[in-house]
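In what comes next, chain A is part of two complexes: it sits with chain B in the first one and with chain C in the second one.
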Partner chain A sequence: MAAKAPPLPVSRSSVGAHRRPDARSVLREMWKHRTDYLFISPFYILFAVFGIYPLLFGIQLSLSRWQPGRDMTWVGLQNYQTLIFTDPELGRALLNTLAMLLWILPTGLGGALILAVMLNARRLAGRGFFRTIFFLPFVTSQVIVAIVFQQLLDKNYGWVNLLLGKIGLGPVPWLTETIPAQISITLLLHWMGIGTNVLIFLGALQSIDRELYEAAEIDGATSTQQFFNVTFPLIRPVMLFMVITATIGLINLYAPVKLLTNGGPEGTTLTLFMRMIDLMTSVRYGEGAGFGFIMGGIVLLITLLQMKFLSGWWTVEGNLKQ
Partner chain B sequence: MKPVSRREFLKVAGLGAAATALAACAPSAAPAPNPAEPAAGEVKEAPAAVSSGELEGKLVFWGHQDHPIYSAGQAFMKKYPKVVFEQPEMAEWDKAVESALAAGSGLPDMVWHEATNVQRDARRGILLDVTDVVKKHEAELAPAKLSEALYQGKYWGMPGDITPNNLWWRPDLVEKAGVGPITEDIKYDEFLQMAKEVKAKTDASLFVMEETFDGQGTLMFAVPFYALGGNFTDETGEQVLLDNEIGMQAMEYAKQAWDTGAGLNAGWFSPPYWGAIKENKLAGTYSPPWMRGFFQTEVTTPEQGQGKWRNQLVPVYPGAVARTNVWGGATLVSFSTNPQPDLVKAFMEFTFCTMEGAQVTGDWGIIPPYIPWLKSEFKNAKQTLFEAGWDWTGEVVKAMNQMRNDFYRMPGYGIAYGALGKFVPAMLRGEKSIKDGMKEYGDYVRSENAKLLESLK
Partner chain C sequence: MATQMSSAATVPVPTRPAVKTRRSVNARQVIRYGLLYAFLIALSIIFLFPFYSMVIGSMMPKDELFRLYPVLWPPDGPTLTAYRLLLKIDVTTTIQNLERFHILRYIFNSLLLATVAVLLQVFFNTLAGYVFAKRQFPFKNQLFAFILLTMLMPTAINFVPFYILIGRLGWMNTYLPFWIPGAASAFGIFMMRQFIVSTIPDELIDSATIDGASQIMIVTRIVMPIMAGGMVVLGILGFVSVYNEFVLSSLILKDNDIRTVQVALANFKGTSIRAPMYDLMFAGSVMATIPLLLIFFVFQRKIIQGIMSGAIKG
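Let's turn to the complex of A and B:
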């Protein structure tokens, strides 16, 4: 078969000049390019089976009462109504998750930025070594990390309290009282997430043209002034990307908290995702699916708010104008 | 041979890949309908007595690795050479069951189900009704275990692992403190007093009480709750009863234990927990018989306490109607869509209603509920944990005789047990009165139970 050239892009003006193609001509065109479509079809087939179908099934499930092996019973918005107005854990899990978001996001990203700036310093000896060290937690199993933290932070037998005891402090109930438990989770998440965050910031820092710093130096700018007037504005798009992805990651937080505190003490570290899993494992599938969509709505809302309030951070031009 | 161009090769390869993907997405061929397959809830005829060699087929079982049912499967294959028994390696088989149910195919023939899930899944109508085979042996099975598989007058599984709690304790550590021995009729307040003294003098604990009120520590509430005649729900599972007078009294007993400060505050099965046991810092604990297997794996030398434990009835709680409670324990179930119910029932019957099957599962470490075995061979069961010469099986039987037939492990039991850690610590610390705390706990379970039951309809 002779090679077929892909269809040329159609300009807006040419669309206006011609009749809208009918279904037959679209199909004919597709048949003409069937080999091309065949080669890109695996992705779309997999996406339809593992992406679109579960999504549609989830929507249907959230509007139904269902048990595996039985027909679905349509209940409309009843599952959402039950969750929003009577679920004893939704409010608590939402508050816990938002609270974690409020302190983990700034401290995590801020800490990673500081480390990235330090690693970016030209005169730092052993940069490669430190980069590897910071990145190691990322390639370590979350389960192993959580178990190790659990042992380190055990109130009576953990090493942390043992060391604190040597200097006359503690014991601190790291995992069994609300504030210490939240601090423990924060430490664990920072430890696990710092590697990737540093790596991304480092990439952003290294993409900044050195000439900008040289120009700033000639103008007499100090290192601090260079950071706030050159570095920070130029890495804001990356920062915004990280704020959004970290927010989504934190709202979907599950394994580390499940393993470290199991939502305790007394439900004060229960996250939204943990509650959704609880509903699913207790075979309340309709409510579980509804909970998932409520979480999706929360993620969407927070992301939209972040994009609205930080819209100026998207482009380098926008940042330099500020 | 005509050379194949790169384009032609890619085209054929692409077509093949797409066809494979499409084939994988197509629904699997429906299994051939079995005329013997019962509808959900339909009672099958009792299996005819089978003689050696008559049975044939393949049985697939899902459960944790190193399982007593696996041992029974090997013995079954020996007896019926035409039967193949398989247990694939899998972790979360309960979740796999849900997936198979949703997919409409791929269910195993049998799974090892927690008591709470048996009643829940009987409500869902997904379990095989095994009333005929259980009824045939009803008089030979421990009554308290039978009730766990009963729902609306029918049996939905073969009672598996009988789990009465005893008090396990170390005479050497208690005597080192200059107190004891713990007599069989010791009262609860005397026991707590002894626990304080043992803790003060040897730093060892006579019970486990994790401050998060999880794991083995929950028994400090669950034992008196059961002993006093309490129930988390009524027989139907509809009404939640845990915050009644009995529940509040049981919580009062748990708080008394907490207030002594003498309990072992370590997460159940955590390294500190095993560390404390091996370093002789645990002088006693409420425990079911199946814990023996786990203890024996960890406690492997006399220095760690091997061969130094005793077991006996739990202390006497004022107003108690029993001196034990049940914790854990599973049931062997199959599914209503199973295409070979006769073979499944024959296996269940062999495993828990014959001396041969009971011996194999008993040798593994669980306590099968088959009374003729309990009365004869159980006393010879092997163990390394308890003192040589200590009649530990006799003590288990004593506890078994204390088990109640009116204790229900409906779906609400699972919700209530899972929520103990959320509500109890505040009551123990005195931040909430027992009355208010139990009311809050009861209301939570009531709300969650109602929603669960609604979703099962």
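Let's turn to the complex of A and C:
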């Protein structure tokens, strides 16, 4: 409460009656709305303490060598040099993360869109039933899913290999070889998350006017043509939003990988976030903080690239929408 | 964009068109729908199978889980041994680590942690959401834009110093890191603002103001009762994500007595890499999932509509 008061006297004396005659009235207006500022203040206070302060501390930390209980020594860009040029893990984790992004992003969003289109079929009965089933994994945690999938994908005792064996495919070492391990992680994430994406797409699809399809049908458009000429242009803004949020989420991939493969085999599924946590738990705080900034830079760079290349997706094409 | 979508959603769009005489169902469509149902049913089975294997696995004797050919049903019928072992009901065991594994305690911890976190989140986000939805004051737009902008900040960028800060505050092995920093969030404020803008008429607030109601009275007596539905949606989504949280809790909650069920299960899993005690891990997983399943089935409609309306990104 008291924290809201200080700006008032300070600015009043500094701004004074000099240049802007309305400054005083703005301040009076602000004082009148002090409860409004009070009500929204928790966010800004918490963000300052737990967002901005760590950010600034992180800058200092990434330029220093420090361990708890010792003095902080300034080392300039040495941590970044170590991370980028000496330590092979950053490059490896970056490649793994990007590789998994390439597996997961198109199959996840594409699969969810196809499923949503199927569930949106006009005469489909039991839409709610299927929707619930695909969404049900929402209640499970990454820890529990990892436990269940570890058993399903077990090389010798798992169901997946038993079924593959039935059609004559040899046992696949799902968790102990690079590509199968990446596929396993992809499957796990899809099982957990596709239901949510289906729901978001379904919401977008259901806001499309059915008359558009009827008009397209009269014009003789096949359902594939309808999808590419009516559906897709109309949901592109939603798609772009989901591409960006999914990318950010996937770069922060941690728990499923940690619990399913622990970065193995031989570090080929190690993700960026896992590497950062490793640095942190081995008390290499300076490098850990630097790693965080590098990761943040990568996230922003990828997001900007996506926005640039998909910039046409922001808007709904033409005047299709009512 | 969410504004666009929610406004579009209020336009009455017939979800199922009235049966028209236009064209009778022809053979091609029958085949198409047949294939569609076949595909959806097959996929449903695949989606349900992990749940099935978890539940039935928790009721199988340990040996059955390590047969070369897994079975769908335990040959000697299901057993509750794993649950009895976890709950320590009239069984003595020599299994290492099990003695210190208190599943009910961990589930209670998780419920406590998530409940308090959610109550704080819902209260502060509704408060701020109301102000941004219905009040006019200097710098409102700039302040709101700032909130949206913070959503772009990558999680990783300050994760390590945040962790150090938690240590310096003496918050290790406490639930405060899960309650305080997230008590007001950009996402929650944004969502509640959208809900309130489209639900509560300005006249209602104005007349209450003219009647001399204070702002806090307007929020607690008028806004919150009307927004109960939206608050429940925000609360449930928050509850699920806090209850299932793993990264931060695995780093902060190290003491056995204070662990959440996720941390405890992950730790239990870690101690048995060589010969996983699947029966016990499955039984623990089933018990840990039950609270969320109950919430899910009670509020299913609300959760699904909340996510579909586009106001929410899970």
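Brief remarks follow.
Assume the second predicted complex is superposed on the first by the 275 of 322 C-alpha atoms of A that agree within 3 Å, B and C clash if a C-alpha of one lies under 4 Å from a C-alpha of the other, contacts with A are read in each partner's own complex, and residues count from 1 in each chain.
What we mean here is this: contacts are C-beta pairs under 8 Å (C-beta built on N, C-alpha and C of every residue); 3 or more make two chains touch, one makes a residue touch a chain.
All values derive from a computational prediction rather than experimental measurement.
In the three-chain model built by superposing on chain A, chain B clashes with chain C. With both structures placed on the common chain, the touch criterion links A:39 to chain B and to chain C.
When the two structures are aligned on the shared chain, A:141 is found in touch with chain C, with no touch to chain B. Look at A:234: by the touch rule set out above, it reaches neither chain B nor chain C. In the superposition on chain A, A:216 makes contact with neither chain B nor chain C.
Looking at the shared chain after the overlay, A:245 reaches chain C, while chain B stays out of its contact range.
When the two complexes are overlaid on their common chain A, residue A:282 makes contact with chain B while staying clear of chain C. Between chain B and chain C, C contacts the larger number of chain A residues. In the superposition on chain A, A:86 makes contact with chain B only, while chain C stays out of contact range. Of the two partner chains placed by superposition, only chain C is touched by A:123; chain B is not.
In the superposed model, A:156 makes contact with both chain B and chain C. Across the options 130-138, 148-156, 202-210 or 292-300, chain B meets chain C in a clash only at 292-300, per the superposition defined above. Shared contact residues on chain A (touching chain B in one structure, chain C in the other): 35, 39, 42, 46, 49, 68, 150-151, 156-157, 281, 285. Within the complex formed with chain B, the residues of chain A that make contact are 1, 3, 35, 38-39, 41-42, 45-46, 49, 65, 67-70, 82, 86, 88, 150-151, 154-157, 173, 175-176, 262, 264-267, 281-287.
Remark: chain B residues 7, 10-11, 14-15, 17-18, 21-22, 25, 95, 98-99, 101-102, 104, 120, 124-126, 211-212, 214, 265-267, 270-272, 275-276, 337, 414-415, 421-423, 425-426, 444, 447-448, 451-452, 454-457 touch chain A in the complex.
Taken together, the chain A residues at the contact with chain C in this complex read 26, 29-30, 33, 35-37, 39-40, 42-44, 46-47, 49-51, 53-55, 57-58, 61, 68, 115, 118-119, 121-124, 130-152, 156-159, 162, 191, 196, 199-200, 202-204, 206-207, 209-210, 237-238, 241-242, 245, 248, 251-252, 254-255, 259, 272-273, 276-277, 279-281, 285, 288-289, 291-293, 295-296, 299-300, 303, 321-322. Of all residues in chain C, those touching chain A in their complex are 1, 4-5, 8-9, 11, 13-17, 25, 29, 33, 36, 39-40, 43-44, 47-51, 53-54, 57, 65-70, 124, 127-128, 130-132, 135, 137-139, 143, 147, 150, 152-165, 167, 180-181, 183-186, 189, 214-216, 219, 240, 243-244, 246-247, 251, 262, 265-266, 269, 276, 278, 281-282, 285, 288-289, 292-293, 295-296, 300, 303-304, 307-310, 313-314.
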